[in-house]
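To keep things simple, chains are lettered A, B, C, D, E, F, G and H as they appear, and every chain counts its residues starting from 1.
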C-alpha cells in the first residue's frame, strides 16, 4: 500500500477559512459529503430539488475549505473556496480566469 | 382445474421450463430477460436441476452444446446482442443435431441499440444468423400464455427432430403480465441413445460432431439435414387466423405486432373495413401455403413489424406477386399504435383503389 | 378508439410517476384484483436502463373479453404522480376519460375541459398516516371510488398475493389507505361510473 | 486501511485552482473539472462511477491532454460515460473495450487511450480481450470499476462477487463450491509481463480518493513513456444493488470488500524503469 | 502497363489491401484464408502499417471497430465459423456507422463442417447474421482479379457510406491462382471529421456509439440508416450479364458457381440451348430490377449455388412469380460439374415443356 | 531436466499386461491400449498429439473407466481425437471445450470428463472459457497440448510461441515488444483457487512420458474425489511446423522450450486434501 | 465436353499424387510458363486439413481465351504420381486424352484403351541424378515432350519466378531433369500433339 | 518438480530378455523409438510401407524389453514382450485374453 503523505494540520493552528457552494439541483442527497466533513458544516435540506432529491446545505461559518467533501462528492456538485491559499496560481491570465470561474459557479446562484 | 396465475412472460417461460423437465439452463444476464436467469437461480436448485450463470453468451451456448450432447433437456435465453454472440455455437448445435431450446427476447438494434422491444432479429432467426445451411424451428409467442406453452412445444420439437428450437419473443411480451395456466405435461419418450453418457461395452462409442472433413461425407450430412428440414416444413407449420373468412384485406404479423394488429383490426372492422389477421406462430417453417391461398382471396396484405421490413419478404415469397404486399413498421423500440396502423391501412386502400 | 361495444367492459389505464412512488405496484395490484374477479387483464410496464431514476409507467387493462393489444396510446384513465408524467399523459386521456393526479407533487395540472381532472393530496395524507409508502394505495382507493372497476375486497385479496407473507401485517394499513382515498373522493363528489 | 483524516488537499489538487477574483479573500480550491460535460449524471445517488469519472477528467485536465485522450466506454452502468467526459470516446461492445482500445492505440501510439470497464464487462465476458491486451502490453490504461455486481442489469452476480454475497442470481449468497471464488483480477493480471503498473484503490473516503487520483496520474504518466499496460482497479460501491445507503456501502467496502480485495499497489515499476520512454510498439 | 502477376486469390486480396492504403489489418488464422494474415504479416510492417494477429475473431472485429472509429482504413478477414463469431461486432459496426472491409472466404458448414469451398453463408451475409436492422454492402468476386479489385471498391464504398462492406468469397477463389493486375489507385478524399482522434478545442467531442437509449432517438437513428440503405439500393447495384441478349433460359449464380455456370453455358450453347448468365456482383444491394426485366424474356431461371438454396429466394423475390425459378446446388464442399449442371438444365427444359 | 535413462517401466504400466500365452517364456509388457480405436492416426510422424492420446487412453484402460469417461476434442490438429479414443466424445467449437465440459460435467458429476486442447484453442480464443471453468473449480481434467504454434492451420504464432520464434505470422520471430511474451498458462491458472492440481510435463523421452502418465493418473484420481480442476500442460512437439525432424524437435524442447516453460508440478494438493472426496457441486 | 473450337487452344490438366511429391509445384510451374507466353491460366489446388499426409492434386488450365470454370471434372491430361490418384483420375481423362504416370510408384496402371497411357520411371531417374526432388520436373519434361503446350524456355523462365533467388543455382539441374523427361519419352515414341 | 521415483536397474544385473513387434504399416518412421532404445535394437528399413514411410525393424537379440521405445512411440505401433515379468497379471480370465491379444497383434503379421 502506498503511504499517505499528506501533512495533517490541526484546526487550531489553521488560519484559513473555507466556503463551499453546492449545485443543489444536481445534488442527489447521497450524504457522502456529510460524512467526509469533520467540521459538520454540511446537512441535508428538508425540501427536495427538481429531481426529487433532498439536497445539501452548507454552514460556511465552520468550513475550513479542506475540500474533503468535494473530493468525495460523486456528482461533482461542490465547489470550494479558501482564504490564504498555500500556492499562488500560475500561468493563468486575468482575462481567461473570469470565464472559467463563471462557468464554475453553479447556475443555482 | 389448474390454477391461474398472473406472471411476467419471462417468468412464465422460466416456470414452464421447470415443469417441462428442463434439466439445465445456462445463461448470462441481459435486459429485458434477466428475470429468466434470476427466476431459475431461485427455483431450479429446489428441483435439483442445474442453473448456471455463464461467463458470457458464448460460454452459455457451448455449455448448452455439452449438456444437450449428453442427452439432457437444455435451454438458454438472451436478447439480441447476446444471441448474435451465439451464432457460431448455434451453427455447431444445428450441425451436430443437438436438441435444445434457445430464447431470444428481442430488443431494438442494431448494435447496443436500446433495451425496448423490437422484431429486428427476424432474419437472423429464420434465415440463419450463423454460417452454413441449417434451420432452427422458430416459435413466436404473442402472449404470456404462449411464452409458457411454447416452452413445452419447443422442447418436444427439439427432441423430435434433434434440432435447436428458437423461441423469438420480445421485450414487451417478456416484461408484461397476463394470466397464465400451466397445463399438465408428460414428456414424450425420446430415444437419446446417441448421447455421450459414457460408452458401455454394449455399444460403439458415441460422438457429437459437426465435422465431416471429406466433402463427400459432409454433403451426405447436409442432405440428411435438408431431408429433416423438409420434413419440418411439411409437418410443423403453425399459424393463427382471425376474421379471415370474409376478409378483403389481411394483416400479417407475429408476436407483439400481431397483438397490436388485433386491436387495429377491431377498430378497422368497426369502420366497416373487412380485414383479417394471419399470425404465423412458426416463423420457420413459414405458412407460405396458407398465405398463397389467401392471396387469391384478399386485395392487399399489410405486414406489420417492429423492424424495417423483414418478414414481409417471406410474405412476398408466399404470394408470388399475386397480390400487393405492403409493409408498415416502427423501429428503435417505438410501438405503432392500433390507430396509426388503421390510418396507414386506410391510405393503402385508397391508394390501391385509385390505381 | 376502442370498440364501443366493449366500452363498459373495458378499462384502459395508465399509471405514471417517479420510480419509487409505487407506480408499478399500483397497476399490478389492480391487475391482480381483476384476476381475482375472473376478468381478463394485461399489465405492461415501461422499463428503462435499470437502477436509474426517472419516470416509470405501466399500462393496465381490465376487460371482460380477451385483450388484444397490451400496448395502447389512448386511455380511459391516467393516474399520474409527478409533473413530467402529467405533461406526457394528459393529452392521451380519451375524451370523457379521467385524469387522477397526486396534487402534492404536481404544480401545473392539465387544462383540458373534455375530461374529468381530479387531484388528491395523497402524499400528505400518507405522511399523516405515518407511512409514505402507502401513498399509492390512497390514490388507488380514490380511483376505485371514482371508477369501481373492481371491488375493494378483490384488492385486499390481491394484496395478499402481491405482498410476501412477511408483510401481511401491513394489510390493515393498506386497507385504511384505500378507504382514505375513497373518503377523499367522496368528500369531493360522487363516482363517475 | 487509513481512515479519513482532516487534511489539507495535496498539491495535485491545486494545479488548476486560480485565484478567486470576485471574492477578494477567497480563492477557488476545488471545482468540477472543465473536461467534464456540464450535465447531471444519470448514476444513482452515491454511485462510485460518477466519482471516478470526475477523477479521470481531473487528471486529463491537469495534464492538459484533453486533445490527445480517447476513452472507451463499456456496456454497464458507465455505458454513458461519453455523455460526461468531454473527450473523444468510443462505446465498445460488452466486454470488448480492450480490443477496441488496441485498435485505436496501435494506430495512434502517441495518443492517450484508456478503457473504463465494470467487473461484469472486464472480468466475465471480456476477460479474454483484457488478458490478451495486457499480455501484449498494450500501452493503455484500464480503469476497472469493481463493484462486485452487474449494476446495469440490476444486480446479478459478477465474477468478483464476494463469497456468500447475495445477488439476484445468487439469492442464497455466492456459493464458492458452485461458482468458484471471486476472481482477483489485479493479482492475476499482474502476473503478465505486459502489465507495467497494477494497483487496487477505493474512493470511499477523501484519502482513498486522493490515492486513486494519484494512481490515475501515475498511469497516464507511464503511458506517456510507452511502458505497457496500467491497470487501476477501483473498489466502488453500487448502493442500489447492494441495497444499502451510500454511507453503508462505503462502510461495507472498508469492512468486507477489502478482505477479498485488499487495497494497495500490486505491481509497481522500479525507479529506473520510469526514467526513459520505451519504444512505442509495445 | 502494369505487371501481370500469378497469385492466389487470398494473396491478391492482401496485396490489394496494401495498395489500397489499408492502415490496419486484424485477423485470426483460419483455413482457407490464413494466407491473408501471413502475407500481411510479412508485408505490412514494410509499409509501416499495422497488422495484428488477434486472440480471436471476436477480438479482431472489435479491434476493427476501434481503428475504424479512429478514422483508419481497416480490414479483417476470416472464414465461416469465424465470421459467425463476429456477428455481434458487425452489428455494432453497422450501428455505429463505421467503414471497414470484412472478408469471408466461405467454407462449407454448418458447424465445423469442412474446409472446402461453399456458399452457405449467403443469408448470413445479405440478410443480416447479426441482430437488428442493418445491411452490409456485399461484394462477390468470381476471379482472382476481382479478389483484388473489390478490395479497392470495398474500401471506397465503405468510406462513402460509412458502412461495413463484406466481400463474400470462397475457398476455391481464395486458393486458386490466376493472372492479376494491380491497377493504379488514388484513394478518394473522404471526410472523417467524425472520427475519435482526440478532441481539439475547435470542435465538440466525437463519440462512436450504436446506443440510443430513448426509443425516439433510436428510431431516428434507424430511419437514418434505412435512408442510407435505400440510397445504396438505388446506386450501388452491380452485376454481369453474359449472353442474355438472345437468352431463352437464364443461369443466376455468383462467385465460383457463376464460373462453373459459364462453362456450363458454353456446353449448353454448343447443344443449341440459348442460355445466358446473370452474375450478381453485389449480393446486397441485389439486382432485383434487372432480374424482373429478364423474367419477361426468359422461360426459366436456374439458380446454381454451393448451398441448399439461399440466393434463389432473392431471385424469386425479384421475378414475383412471373417465371419459374429453379435451383440446383451442391453442398459440403462438393462442386457441381458443368456437365451435371447442363444435364439438370436439360431435364428442367423438358419438364417445363411437358407442362 | 533429467534426461532419458535406462529404466524398467514403473508398475503403473503393468496393470493391463496379461501373460503372453502363445509364447511360453515371453510375457506381454506393453501394448497399444484397448481403449484406442484400431486405426492409424492422421498425425504427422512424431507428433506429440498421438502420444498423449495413447497415454490418456492407457490411464482410462488401467482405471477401468472407459464407460464413465467423456472426452472433449478441440479444434486443432487433435480435432479428430474422437476417431482414435474409444470413448464417448464431443467435438467442441474452437476454444470452447471447457464450456462444453462444464455442460457435461455439471449434469453428470460422477462421470470423468476431460478436455483435450491445443495452445491456440485453449490460450488464445478459448482463454475466457478456460479461465472461468478453472475459477469455478469445474471438476474436470484439462489436457493442454502446448506446441507453441497453431498446428492445424499450418504454423501461425500462438500465445505460447517463444520469444523470437519464427512462425508464418511472425516471420521475423515473435517480437515481444509487439505481441507480448508467451503466456505461461499453467503458472497463471494455478493462481485460481479452483485449480486443484497443475503440472507441466513433456513427452519427448521415455521418462518424460512416464511422468506425464503419472500426472494424468493423478488428475483422474483427483477428479474421482471431486477436487476441482486439474490442468496437465504438456510441452509437445510439432515437427511439421517447427520445420524439424521429430528428433530435433525433442531436443528443441529440452534446449529451448523448457527455458520458457519449465517442467514440473506447479500446484500440488497437500496430502490431507486428497484423503476424502469433496462435495460434488464444485 | 468443352467447346470444340477451343480444343487446340485449351489444355485442361490435373496433377495428383502424395503431398511432398511436388504435385502442386509441377502444376504451378506450368501455369507460370503459360503466363510467360501470355496465355490465360488457372491453377486450382485441392487443399485438405493442413500438415497431413495423404494425396494432393491441382487442376491447371492453359488457354488462349478467358477461362470460365477453374473447376472441371474431365481432363485432357492427367499426370498421376501415386496409386490412389490413378484409381481416382484414370476414369476422368477425356477419350483421346493422356494419362501420364510415375511408374515407380504405381503398380496397377489403368486399363482404358481409349486414352494414351504412358509410364515414366521418374523416381528412379531422379535418384540416378542424385536429387529425389526433381522427380516432378522429369515428369514435366516428359509431359511437354508429349504435349508441347508451352515451350521449355518458358518453363525455365517460370522456374526463375517460382524458385526464390537463393535456389537459382538449382536451375541447371531442373533443366537437366526436364531434358531427361523429354528424352525418356522420345526413346518411347513421338509426341501426340 | 516431481521427482522421478522409478528404480534404475543396470543391464548387467538384469536376467530378462525382450522382444518387440512393430506394426510396420502404421509406423511413420519418426525414429523417436530409435533414440529411446539404448540397446540400438531398432533401425529404419530401406523400404517404404503402404503409406510411403520407411518403417522400423527390430533386432530382438539385443532387446531387453525395457519398453522405452514403446513408451515414446506416438503411434503406438510397438508391442513389447519380456521374460520373467516383475508382476503377475490379475483379474483377467484365460478366455478373454486370447481375443485381446489377437487384437493387439498387428495385422501385418
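Everything below uses one rule, namely that a contact is a pair of C-beta atoms (placed from the backbone, for glycine too) under 8 Å apart; a residue touches a chain by one contact, two chains touch by 3 or more.
Small disclaimer: the values here were computed from a predicted structure and weren't measured.
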Length of the shortest touching-chain route, subunit B through to subunit H: 2
Farthest chain (mean CA position) relative to subunit F: C
Geometric centre distance via CA averages, subunit H-subunit F, whole Å: 23
Cα-centroid distance, subunit A relative to subunit H, in whole angstrom: 83
Inter-chain centre distance, subunit B versus subunit D - centres from mean C-alpha coordinates, in Å: 40
Approximate Å spacing (C-alpha centroids) for the pair subunit A, subunit C: 43
Subunit G: positions in contact with at least two other chains: 48-50, 53
Interface hub residues of subunit E, defined as touching at least two other chains: 31, 55-56, 58, 81, 88, 92, 96, 111-112, 115, 209-211, 213
Subunit D, residues touching no fewer than two other chains: 44, 79, 91, 93, 124-125, 127-128, 132, 152-154, 159, 179
Subunit E-touching residues of subunit F, taken from the complex the two chains share: 75, 79, 91, 93-95, 120, 124-125, 127, 150, 152-154, 156-157, 159, 168-171, 179
Subunit E residues touching subunit G - in the complex, by the definition given at the top: 4, 6, 31-32, 115, 171-172, 175-179, 256, 259-260, 262-267, 270, 335, 337-339
Complex contacts: residues of subunit A adjacent to subunit D: 1-2, 4-11, 17-19, 25-26, 28-32, 35-36, 38, 51, 53, 65-68, 70-83, 85-89, 92, 94, 97-98, 100-101, 103-104
Subunit F contact footprint on subunit D (complex, rising order): 124-125, 127-128, 131-132, 135-137, 159, 175-181, 183-184, 187-188, 191-194, 279, 281-282
Complex interface listing, subunit D residues touching subunit E: 37, 66-70, 72-73, 79-80, 82, 85-93, 96, 99-104, 106-108, 111, 128-129, 132
